[in-house]
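Following this line, the structures themselves.
Heads up, the next two complexes both have chain A, just with different partners, chain B and then chain C.
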Partner chain A sequence: MAAPGAAATDLEVVRGKRAALFFAAVVIVLGLPLWWKTTETYRAPLPYSQISGLNSLQLRLMVPVTVVFTQESVPLDDQEKLPFTVVHEREIPLKYKLKIKCRFQKAYRRALDHEEEALSLGSIQEAETMFAEPSEQAEGSLTVYVISEHSSLLPQDMMSYIGPKRMAVVRGIMHREAFNIIGRRVIQVAQAMSLTEDVLAAALADHLPEDKWSSDKRRPLKSSLGYEITFSLLNPDPKSHDVHWDIEGAVRRYVQPFLNALRAVGNFSVDSQILYYAVLGVNPRFDPASSSYYLAAHSLPHVINPVESRLGSSAASLYPVLNFLLYVPELAHSPLYIQDKDGAPVATNAFHSPRWGGIMVYNVDPKAYNGSELPVRVKVDMVRVMEVFLAQLRLLFGIAQPQLPPKCLFSGPKSEGIMSWELDRLLWARSVENLATATTTLTSLAQLLGKISNIVIKDDVASEVYRAVAAVQKAAEELASGHLASAFVASQEAVTSSERAFFDPSLLHLLYFPDDQKFAIYIPLFLPMAVPILLSLFKIFLETRKSWKKPEKID
Partner chain B sequence: MADTCFLGQGFSTLVGLLLLPFGSLAASQIEVTVENFLRVLTGRIPSSTPRSKRLLSDDRSNILIYMTGHGGNGFLKFQDSEEITNIELADAFEQMWQKRRYNELLFIIDTCQGASMYERFYSPNIMALASSQVGEDSLSHQPDPAIGVHLMDRYTFYVLEFLEEINPASQTNMNDLFQVCPKSLCVSTPGHRTDLFQRDPKNVLITDFFGSVRKVEITTETISLQPDSGIMESSYKKDLMDEELMEPLKYAEQLPVAQIIHQKPKLKDWHPPGGFILGLWALIIMVFFKTYGIKHMKFIF
Partner chain C sequence: MAATAPLSLLVLLLLGPGVWGQTEPPRDSLREELVITPLPSGDVAATFQFRTRWDSELQREEGTDHSFLRYAVLPREVVCTENLTPWKKLLPCSSKAGLSVLLKADRLFHTSYHSQAVHIRPVCRDARCASISWELRQTLSVVFDAFVTGQGKQDWSLFRMFSRTLTEPCPLASESRVYVDVTNYSQDNETLEVYPPPLTTYQDVVLGTRKTYAVYDLLDTAVINNSRSLNLQLKWKRPPGNEAPPTPFLYAQRYVSGYGLHNGELSTLLYNTHPYRAFPVLLLDTVPWYLRLYVHTLTITSKGKENKPSYIHYQPAQDRMQPHLLEMLIQLPASSVTKVSIQFERALLKWTEYTPDPNHGFYVSPSVLSALVPSEVAAQPVDWEESPLFNTLFPASDSSSYFVRLYTEPLLVSLPTPDFSMPYNVICLTCTVVAVCYGSFYNLLTRTFQIEEPSKGGLARRLANLIRRARGVPPL
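Showing the complex of A and B:
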């Protein structure tokens, strides 16, 4: 009777052991991985290898130059060799991780008949009007005309001329090495009109190590999709001055053409306002020598902040805001001049602050006070004001004076206030800056994800990252083939996508839980389940070891 | 006091002290949560947020962060219901640095064991000051006899007194700020951390962080424009005509209150039962099986 009972309990014990092992197997094989998978942060796959590849991207900036030779500019046997193409490439030495190479592709050709005619006229201005836009040249490209050595188109001592519309003129030479010499002159002129080291250094100023803080490099605005320009008239003393300004007409006549020329750079919106009883935060000092009031140069940095809160720039759009203030000083402080650091009054009576805007002080003509009772009607001379504001706008955008080659005749900007190749320089600088920013953003995102483990990456963020990487590569390709306009658009798209991915609200890192809090949460859940399983496994293990040892004892 | 940590004013028992005015982010009490604070710092805000609620800093901005309230070893209390830990703060600063949202950052904290909050920073260009070391308590200044509660902490009081003497042209540097409120006055030992900062503290002016001084340049050049007098007359006439021809104004539809009042309640989406319900049912089923016996379960239990 004992044997079947013993066999039954044996069977029961074996079945029990198997059940315990099965439970343990389910927990370890299914439960642990399931728990691990469900508690890890979701990360959609990102192209990490491509992002790290962006760091070693080589940027090749190509400038297509068309060099047109007139009949007497070079010796005859050289003229037979036309047309052909010469490429001049050099690396820009900047201490930056992206290597930048600048490539001038010069296509030499002979002049057409109408071009010969235009270039044989008396003065360069007439020649330019003959060339008036049959076809608008593409952004980034240049045309250089080579005239004969003794031509009277340019004044005798001038070797070259740079015009406002992507056109330049260079003197030829009758010499064996004509093409080499002229090639060098063309390169000099082309560099002045497109890319030099300082243009790229200014674009990359935020990314280069700070060895010297020259004011040119710190000034330009950061690249953005659009800008908001606000013109404000500050009248602190309405009882004495009744100020009128035709701002709408001035904007329409002077500012709008300038902004239209800059249309490729971004969306601009312009607004204006008049503020009454708004004072500058600094008290002007009286100068008995000229019986006028002055603001010293060292007190100018403190002027802006007290006034800024009244300007209402927080109600404006999300684009960066540029403020231009016109201040009409009070009767008690008239006339008011701004002094530079040497104590001399500034001719424009204006100053600007990088990335913020500019302020101009407009003094009322003292003749207006004669005999009239207060308030005196003041009509602002908008031409004078707009000349200063547009100059400040140019400086704030980073359109600086180019480095001209020696003996070069330079015509100033036309009525819009900006020359076409200045726009090109801005587009080159902005494209490079956008690519640098997008690359840095993507690399920072990848680094952050490595460092902070509890950030979630959703699928739409991942798709923005992919788009940004593709846009960077496309922009680099377009720059290498010389299409500046499409390269700029691609670089803007790269920046927008990368910023959108980096600043997506879902990327806020999840709250951090210290380790002891994590234990406190998991132990009440897992310990009651784990203790029976572990104990039963331990029991099985001991019994198995005993049954192994038993045969040895018998033997 | 953590609920007003964004505004730039402090109160004391003396007649109100005036701080140098610096730009402030206005935030009402319900908005001051840990999540909002981290979102403002890192810039990860929904696109509908207005400009006045964003931190519009770039790589040339110097940022001052001042926090006060109740805290402990490694955390600070927000609004009595949440905490922010030093690791979260350090991660937020690192994200700001990766995107170059600051040039230099000054972090001042006035809580108990305040030094624990800056121990975990690892991003460059951060200088931190705290009112007490780990294990010490920060104490408050004297109570206000009219209201009967303490209105200000000691460290904050002495820092404000120090800042009152600074004007925009002052040349006082950070080393003087480190000496404010020694142990004799503050009872706790103020601490500071400058190893992450690149410049020497004695070259850093107080006005770099507290003064809002901007960089300006004199405008020396102008461009020449041609005055255009012909168009002026016509534009003036056009403005007059516009004013006369203005149509009577129309107003938008007002809120349809009647529809809203009689709205039916929305059907809630179905969610699967949560952990508590599942655990409860698992317990019930186990007890059931134990009572009615599946024999091999005995081996386990």
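Showing the complex of A and C:
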């Protein structure tokens, strides 16, 4: 072949090579990013780092305690040092990622004149009515009065007193270490009135490993924005019993004051119903000795299920439902008693099931059958019933009996059935629970969105997530500064926002192709394009390697 | 109305003053009744009614605030025994005692007609209507097919229909009765016999005609005590002929017409078969927004002439917000057919708004006809608390007419459905076209072209040489 022909061919080959390289460059630099960008799903940015930061959040629960010293409660030279502030902090050990620290900030001060006057009265009740006059204390705060060692305000053998409001009384001491000793007593009382390990453990029961706080611990109702309370009268035998109950009056008199006191915790709605022919799922055992029937403790779990399908209230509500059933046993099975584990009849003839509600068996007075023909008219004694149901309601909300320090006088709750500091304790527990729930929800949402890359994240979902994160942080701050009411509101907002983001229907759409399908659809374009480009690149690579090796051989 | 009309569960919450209820009823009072009507064809219709009343705190206010009135329809629901279970739960005696023991799902859903309803409304507690009770009325109507379930025999008994018999009244019921319609058979005892023989009969004017019923009161101890259970039996002495049932004075039909997927027409036919009396009818129509109604095409014709409605209320639809609402008061001339028709255009939906089976079509709710139909026989004004429940379902406003509300059949309209795989197809096709163009372009630009000398020898030449060698001729 002629040289000029060969030169022209070489030129052609080089041009072809350049064209192939240019094609490859355009496809890789321009085509692929363009395709990637146009087929991408919209994902609003989320605060991933902040969400993972929430997991290692340090919760400081601050309880502001005002300690008021009356005259003669501590030695005089100690009184000169007042006022000052002591902080007592301690970590609550829980097997949980949130580190919870409890901080009692004790502000010591001298008693004012009117307080002095009230505490010099004859009895604690009178003193309390004197204190009731001034304005309400903030939620979560406590006032402890230190009275003289020999004051007759308390009975001589009592060291301290816990009142129904956010107020307690402790005896002082004339001692060199007076402040230390009194400080310890104050902490004891304050712990009984606010935060203990038990309360927080019960609140976090869902988030803790099963083994430590197993089912024998009470599991209170989950925190929610509202609760629905249903009172049902079950009359399985309307042929023999004509049962009447004044539920409206009973709710107005006993339940409503309690719920009004709990208003801060959530919205409550109360309803009632009468169900006929609703039987328990278990046949009671006959005891010939007392000619009565018994429900054994182990069979109680089977009692609820057949009744539950008739209750029907849970279908209409978004909120958790608490059921309180009053069961009037049929004539053939009465009287009916509930046995505890040891076989002894339960005094209240009632039992409760955590997070579900309570059942009480109401036996008809056997004297009613004498002389009158069936059906017997039965009028339910609502005081007896409501006593049981209110006690169960307290248990279901996790308002436990407080663990009192030794030698402590304790006044029962007022007519509302709940003490102010018990409500505070509930709010503490609920705030912590809400924070834990919101954190868990946000974490799992972030994990889910991170794992599935083609879920569309809309702007409103992202803004809910941001709001939830901000609310969690705000709640933690408010808890640390001792503002319980606003902390609780913020924690509720955190839960609401996080759940709204988590359950947003737009996350479910998945309108866009999964990745493998996306690639499969573009195969008709990618395959014919990629094969020549790759082949020519491979060829160019081989040739250049050959041309590099050739000079070496010549050498 | 078609006998195969689907189950229409209808909750009518009418905030209006009730008209009846003179005496104060006991709290939570229950009345239950079962009406058995032998049809001329040999089939049997059974209608249950349960009425519960309870006091409410609601104070009656003067007038009705119309902004609180709501009307909603679910055009179709698949019938299933699960429709019955929640309905039965509303009954005080559940299905443990009284007439409700007969409610066995496998029998009730094995019928040729099934209609189930719940009505809730406030009723006056006294004549002054100062306070209000709530009334919950549950009705269930079924028609048993004579040949399918009776295996050729046409004798009926409660046991054969429901596979149960009645044993006791519901202890909560203040009234528990079974009525058997013996109107056509009471004159001559030749065709039908009811066993056990009724203790009492009851005569009333129902739907404008005089009817006679055999009454069995379950609260009456004599009815059940004989054999501990009541198994009502109907025996035909002469097999019933297949005569057509009498046509009612008012009935209606509805259909959708037109071709293609662009336009269509909704037509409602209203029949007035009364020989000499005209009466007005209130027609209420809700049409979903995706059928865009052309209101100017609304035509109403009776007997070939235009019929001008005396009242029209039209509320246009808003896309994805509210349906069209069309309400008209139309006078129906005597023995005539009135045709109400309106044209519509089918709208395109967003592709996520289509149901999983879009080619099945979309249901359009039935129209509702309310009318005061003239009756054949003058009815006496009755005390509503005393008369049976089935009577109060069609209340007579005065002696000459009775109130009827009819629901026409729901319609199935097909909407233009897009090809849901279209985006995929377009992408694949475009990719292929681009790839083909790209291939030749790439070839043109990257290949080097050179002239090559034709090579010596090919398959043909070798073949020729082989043959030549065989022939002994020198190769090419």
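As a convention for this text, the second predicted complex is superposed on the first by the 472 of 555 C-alpha atoms of A that agree within 3 Å, B and C clash if a C-alpha of one lies under 4 Å from a C-alpha of the other, contacts with A are read in each partner's own complex, and residues count from 1 in each chain.
Criterion: a contact is a pair of C-beta atoms (placed from the backbone, for glycine too) under 8 Å apart; a residue touches a chain by one contact, two chains touch by 3 or more.
Values in this document were obtained by computation on a predicted structure and should not be read as measured data.
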{"item": "Which of chain B and chain C A:V87 touches, first, second, both or neither", "value": "neither"}
{"item": "First, second, both or neither for A:E387, with chain B first and chain C second", "value": "first"}
{"item": "Partner chain(s) touched by A:A344 [first = chain B, second = chain C, both, neither]", "value": "neither"}
{"item": "First (chain B), second (chain C), both or neither touched by A:S444", "value": "first"}
{"item": "Partner chain in contact with A:Y522 - chain B first, chain C second, else both or neither", "value": "second"}
{"item": "Touched partner set for A:G358, first chain B, second chain C, both or neither", "value": "first"}
{"item": "Residue contacts on chain A - larger count, chain B or chain C", "value": "B"}
{"item": "Partner chain(s) touched by A:P375 [first = chain B, second = chain C, both, neither]", "value": "second"}
{"item": "Which superposed partner A:K239 touches (first chain B, second chain C, both, neither)", "value": "second"}
{"item": "Chain B versus chain C as contact partner of A:A289, first or second or both or neither", "value": "neither"}
{"item": "Interface residues of chain A shared between complexes with chain B and chain C", "value": "12-13, 15-17, 19-20, 23, 509, 511, 532-533, 536"}
{"item": "Chain C contact footprint on chain A (complex, rising order)", "value": "5, 9, 12-13, 15-17, 19-20, 23, 238-239, 274, 276-278, 310, 312, 375, 509, 511, 521-529, 532-533, 536"}
{"item": "In the complex with chain A, residue positions of chain C that touch it", "value": "28, 86, 89, 92-94, 96-97, 171-172, 352, 424, 427-428, 430-432, 434-436, 438-439, 442-443, 445-450"}
{"item": "Chain B - residues contacting chain A, complex", "value": "21-23, 34-35, 38-39, 42-47, 50-52, 58-60, 74, 85, 87-88, 91-92, 94-95, 98-100, 168-169, 212-228, 231-232, 235-236, 239, 295-301"}
{"item": "In the complex with chain B, residue positions of chain A that touch it", "value": "12-13, 15-17, 19-20, 23, 206, 215, 218-219, 222, 246, 248-249, 252-254, 297-298, 300-306, 308-309, 313-316, 318, 338, 340, 346-348, 350-356, 358, 360, 383, 386-388, 390-392, 394-395, 412-413, 415, 417, 441, 444-445, 447-448, 451-452, 502-509, 511-512, 514, 532-533, 536"}
